[in-house]
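In what comes next, chain A is part of two complexes: it sits with chain B in the first one and with chain C in the second one.
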Partner chain A sequence: MSQYLIEAVISCTLLGFISGFLGNFLVVRKMALFGDMIGHAVLPGVCIGFFLSAYEKNIFFIFFGALGAAFVANALHEFLSNKLRIKPDASLAINLTGFYAIGSTMMAWLKDSGKAGQTGLDRYLLGQASSISREDLSFIAVLTLIIVASIFIFYKEIKAACFDYQFSKASGLKPQVFLIFLSSLIAANVIVSLQAVGVILACAFLVIPAATTVFYSQKLLSRLFLGALFGALAGFAGAFFSLSDANVPTGPSIILVSAFVFVLSGIFGPENGWFRKKLGTWKDKRQHQTEDFLRCAYYFYEKSHENKAQLEGVFKRSGIKNPKLFERIRKRLVRGKVIKMNGEDSVSLTDKGLTLAADMVRKHRLWELYLVQMMNFPPERVHANAERVEHLITDKILKEIEDTLSNPDVDPHGKVIPSLNDLRKHGVPGY
Partner chain B sequence: MLTQDAIWISLSAFAVAATCSLMGYYLTLRKQSLFGDALSHSLLPGLVLAFVISGSIGGLPMLIGAIVAGLLCSFLIEEIRNQSHIKEDTSMGIVFTSMFALGVLMLSQVGANVHLDTQCVLFGELLFVPLEDSVNVLGINFPEPTAQLILSFGIVSLFCKLFHKEFIILAFHEGVAKSLGLPTKFLHYLMMALASIAIVASFELVGAILVIGFLILPPSFGKLFFSTFKGIYLSGLAMSAFSIVLAIPLSFSFNLNPASLIIVLQFLIFVVVFTIKYLSSTRNSQNLSARGRHHA
Partner chain C sequence: MKVLETIDLTVSYKKVPAVWGVDFHVPQGSFVGIIGPNGSGKSTLLKACVGLLPLSSGSLNYFEGKTLKESRKRIAYLPQRESIDWDFPINVLDVVLMGCYPKLGLFRSPGRAETRLADLCLDKVGMLDFRSRQISELSGGQQQRVFLARALAQQAELYMLDEPFSAVDAKTEATILEVIADLKKQGKSIVVVHHDLFSVAKNTDLALLLNTRRVNFGPTSEMMTKENLEETYGGQLESFAHVLFESAKQ
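On to the complex of A and B.
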């Protein structure tokens, strides 16, 4: 690969790094579509910069032209939205398409004058990595440094302004100043990434890598770096694909790579990923099966005061329809040393099993009592609900219920609410 | 026959405005104008796929491709929002850009074609309406795209007529619509499907990005003066018609893209009228408060 292509790939990787980094602020501030508007709105600025630099593709002229257009669009959006029944969404759409139309008319005019065709103004629409020059690369590198440095210098202020504007204002942190500063950084980022991804996909370059991080962490700082990592990955791979096939514009190629990473993260991500969620429900289900089994075995223990239950009876009482499933649960519990078999068809609870069972029954009955006493449910209607809720009561909630009901002994059906003391009284070994 | 071409082009542009601003009215009312943006971008892969399968542009395959892509887009936006901590705007920003990128990539692999290429997606080709392929209806030779546009206007306006009340309630308050027993999910997807029809009919002529202008600008303009559906829709349409009549001859004489020029004019008209209206309204309120103080 030639020197020249390597520079293009490095530029796209750097751009991805910085976009993924800054994009997090766009995502947390719910401004993704604002980014889209800015992306489209810089087009006239690019054309003016192009014109002013006498049809040379000078990055300084184009950068400041585009920055000017972004400021005008932002000001117009502020003016239009929420006044005279024009809502912010309509104002964004109006500015987006209006500026884009002005830009494309300018482009057509520049093209018509015959000088713009070859120098690649077209490449600003969908991006073309091969048009990035060495001069551009150094500009991008400097801007990357500026953006990362200024975010870290003002990290506390920017974070406060993004998450709690009122608090930040009351603390004298001047959130309005920092939000404008942040918006300018975002606009600058959008502008430099135009050559890589183009005006139409500029917002996606910021938003998709940053949104991917929600599947990994909830902390802003780690999300900033993860976003930068995903962005850099997308920039690198996307530029690589696009440069190896001249027909493929760089923008779509980069965006598709980041969309692919997003989908993978959505499926396998450790934080709320699809797979993790499914695993969670599967674990819950197993837990509930175990707890139901133990509660049913405890019922027979309570009835006969003998730690021995017929499997047949537990099966009937458990409400499980499928005998094979029941058999599997039983085997699992034996393996887990929660129950032990007395011959073929009778089980008893081990010490561990008895504690778990008593705990479950205690939660069940306390909840029944709570529903009756605190919420005036009729006693005959609380059982079904308690059977579901018993699995969800944590120790902390249990303590609250105990305190509220002042440690009762008997449930609404007159049954003893088991406690560890009761177990000792009944002479259960090990207590 | 420059003049006859100009008339057909203006008529087509007007049909685009009539169809799109009808759907745009409901979208702005629901405060979901940017759904128009999302839909117009995300139709692309559906269109390219329909084009590859059927081998022709326009007609039923394109319509089906567009509706499927449009519904898929709104479904994905909903799903990402429901299944994760990602908010609606971000979810939209992810879905439509990815679908658009996919469409452009597919297009680059299919290769350039006379009617469907990147240029058409970006700017539309109102100037190159294939006027030769005409359809004979009632003894008049309509150019094919114009005829298609008029047909889709018929479909869209028929459904809007039937579901007008439901759409309005949905826009007003989704909770109220639900409590009245309206099938809100169905209505939402119906609206998206209709918007997809409106967009696909206009796509070839004005491109993916300018179509948002045709959707949102006229009803927003109408809202400055009216509050009823009829008033908003008709005044918006009058404003579009004015821009079209002005833009087409200008684009002919300066060799510019008419679709862009129409949007530029609509945008400028909107901003100027908005500013005048805003200034006069603040002056009125100042006068009122001044008079109020005087009386007090």
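On to the complex of A and C.
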């Protein structure tokens, strides 16, 4: 790869780093659309900068032209939403599309003048990493340093302003100053990333990597770095793909990578990821089925005073409908040495199994008693509820119930509530 | 000493006054309740006092002749709980540490001393066990107690609390009252915006009855008259005011 392409890839990686970093502030402040407005609104500024620099693609002219346009758009948005009482989302949409329309018209004029075509002004629409020059790279690097340094220097003020504006203002932390400062940094970031992702997708570069962090951390500081990491990854991979196939503009390529990371994180992310949630439900369900199996085996033991239960009976009583599932649970329990088989169709609880089963039955019956005594449920209506709640009673709750009911021995249906003492009395081995 | 005195304070939204020509003051070490019906300008008054809303006319006098700007570090303001996004990625300890920000000034981060102070404040409101919890996992009452802990961490002299008792559980209400009593003992002053008349009648030293204009201001026991309450809560609510008055008397 040539020196020149390496520089382009480095630029996109840096841009991703800084966008993912700053984008977090848009996400926590619920201002993603603001980023979109800035992204689109800079287009007329880019054209003016281009025109003023006499059709040379001079980064300084273009940067300050775009920054000016961003400020005008922001001021107009404030005016529309605060003074004219247009709802903020409508005002953002008006500015976003309005400025983009002005920008594209200007662009068409510039193209007509015949000089824009060669210098690639239209690359600002969807981005083209190959148009990033060495001069641009140094500019991007300096800006990255400035942004990261200033966020850290004023981290506590910016955090307070984002979290609780009223408190910050009343305490003299000057949130208005810091939020304007933050918006300016975001605008500057959007402008320098235009050559990589273009005006249309600029907002996605800020928002998607930052939104991805929601699936990993609940800490703002970790989210800043994770966002930077995801952004850098997208910038690097996106630029790489786009540069290896000249037909793909860099913007869509980068955004596709970050969207892919977002989807993967949504599925596998440790915080609220879909898979984690499902896994939790699966585990609970499995646990409940195991507990149901044991409780039923215990029921037969209690009835016949013999630690032996017919599989057929346990299956019918357990409420598990699917015979194959029941078979899987049985095998799992045998492997876990919780039950042992007596020939083909009968099972016994091991010591471990007996303790677990007695614990379940105790919870079940205590809960039934609690419903009847404390909540005045009729005894014939508590069983179904106890079937579900027994799985959810923790040791702490169990202790509370025991204390509230002062350690009863019999449930509302006259059945003995097993306790450690009971198990000893009944001669259960191991007690 | 008067820690706060307002003179002819008027605050307007779009040229319509929400608070009109209000005079009241907060003597040092007192607990002042601001009461009035919905839309009577209670929170507006408080916000104007801490500089969140511009004054249309009138003036604020802090600590006998100081301006608001000079007094900011001596005042702790507790916004309404609803003004915050409770999904913000931040934990309980970090929220309370924010109370230390004003005194730290620019460029300094909270350190060990601040963490100790924050823990102490969390302990006072019974939330120390929750210090590393995300704020999104808290109940409404717990959120309010964390907010109060942050105000305590400001180590102010005047505490301005906007509806701290709104929609909280009994335990939280008791904790807040305890903390306020404790602050009073240390000679600090407290202003509370409150919608519950009974609680105000029972707990505060001074009461400001507000209905855009000041209806009356003075020792709480003298304020709870039928005439005052009727005027505050409006003619159409006469019977309601009567009930309130009868209950407040008891």
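Going forward, the second predicted complex is superposed on the first by the 281 of 431 C-alpha atoms of A that agree within 3 Å, B and C clash if a C-alpha of one lies under 4 Å from a C-alpha of the other, contacts with A are read in each partner's own complex, and residues count from 1 in each chain.
Criterion: contacts are C-beta pairs under 8 Å (C-beta built on N, C-alpha and C of every residue); 3 or more make two chains touch, one makes a residue touch a chain.
Given the structure is predicted, the values throughout are model-derived calculations rather than measurements.
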{"item": "Chain B versus chain C as contact partner of A:160, first or second or both or neither", "value": "second"}
{"item": "Which superposed partner A:180 touches (first chain B, second chain C, both, neither)", "value": "neither"}
{"item": "Chain B versus chain C as contact partner of A:204, first or second or both or neither", "value": "first"}
{"item": "First (chain B), second (chain C), both or neither touched by A:30", "value": "both"}
{"item": "In the superposition, chain B vs chain C on chain A residues touched", "value": "B"}
{"item": "Partner chain(s) touched by A:264 [first = chain B, second = chain C, both, neither]", "value": "neither"}
{"item": "Residues of chain A contacting chain B in one complex and chain C in the other", "value": "30"}
{"item": "For the chain C and chain A complex, residues of the former touching the latter", "value": "47, 50-52, 69, 72-73, 75-79, 83-85, 88-91, 95, 98, 101-102, 104, 106-107, 109-110, 134, 136, 150, 154, 160"}
{"item": "For the chain A and chain B complex, residues of the former touching the latter", "value": "27, 30-33, 35-36, 40, 76, 79-80, 83-87, 89-90, 92-94, 96-98, 100-102, 104-105, 108-109, 112, 125-126, 200-201, 203-204, 207-208, 211, 214-215, 247-249, 251-253, 255-256, 259, 262, 266, 272, 274"}
{"item": "List of chain B residues in touch with chain A within their complex", "value": "28, 31-34, 36-37, 41, 80, 83-87, 89-94, 97-98, 100-102, 104-105, 108-109, 111, 118, 122-123, 209-210, 212-213, 215-217, 220, 223-224, 254-257, 259-264, 266-268, 270-271, 274, 277-278, 281"}
{"item": "Contact set on chain A toward chain C in their complex", "value": "28, 30, 153-157, 159-160, 162-164, 166-167, 169-173, 217-220, 223"}
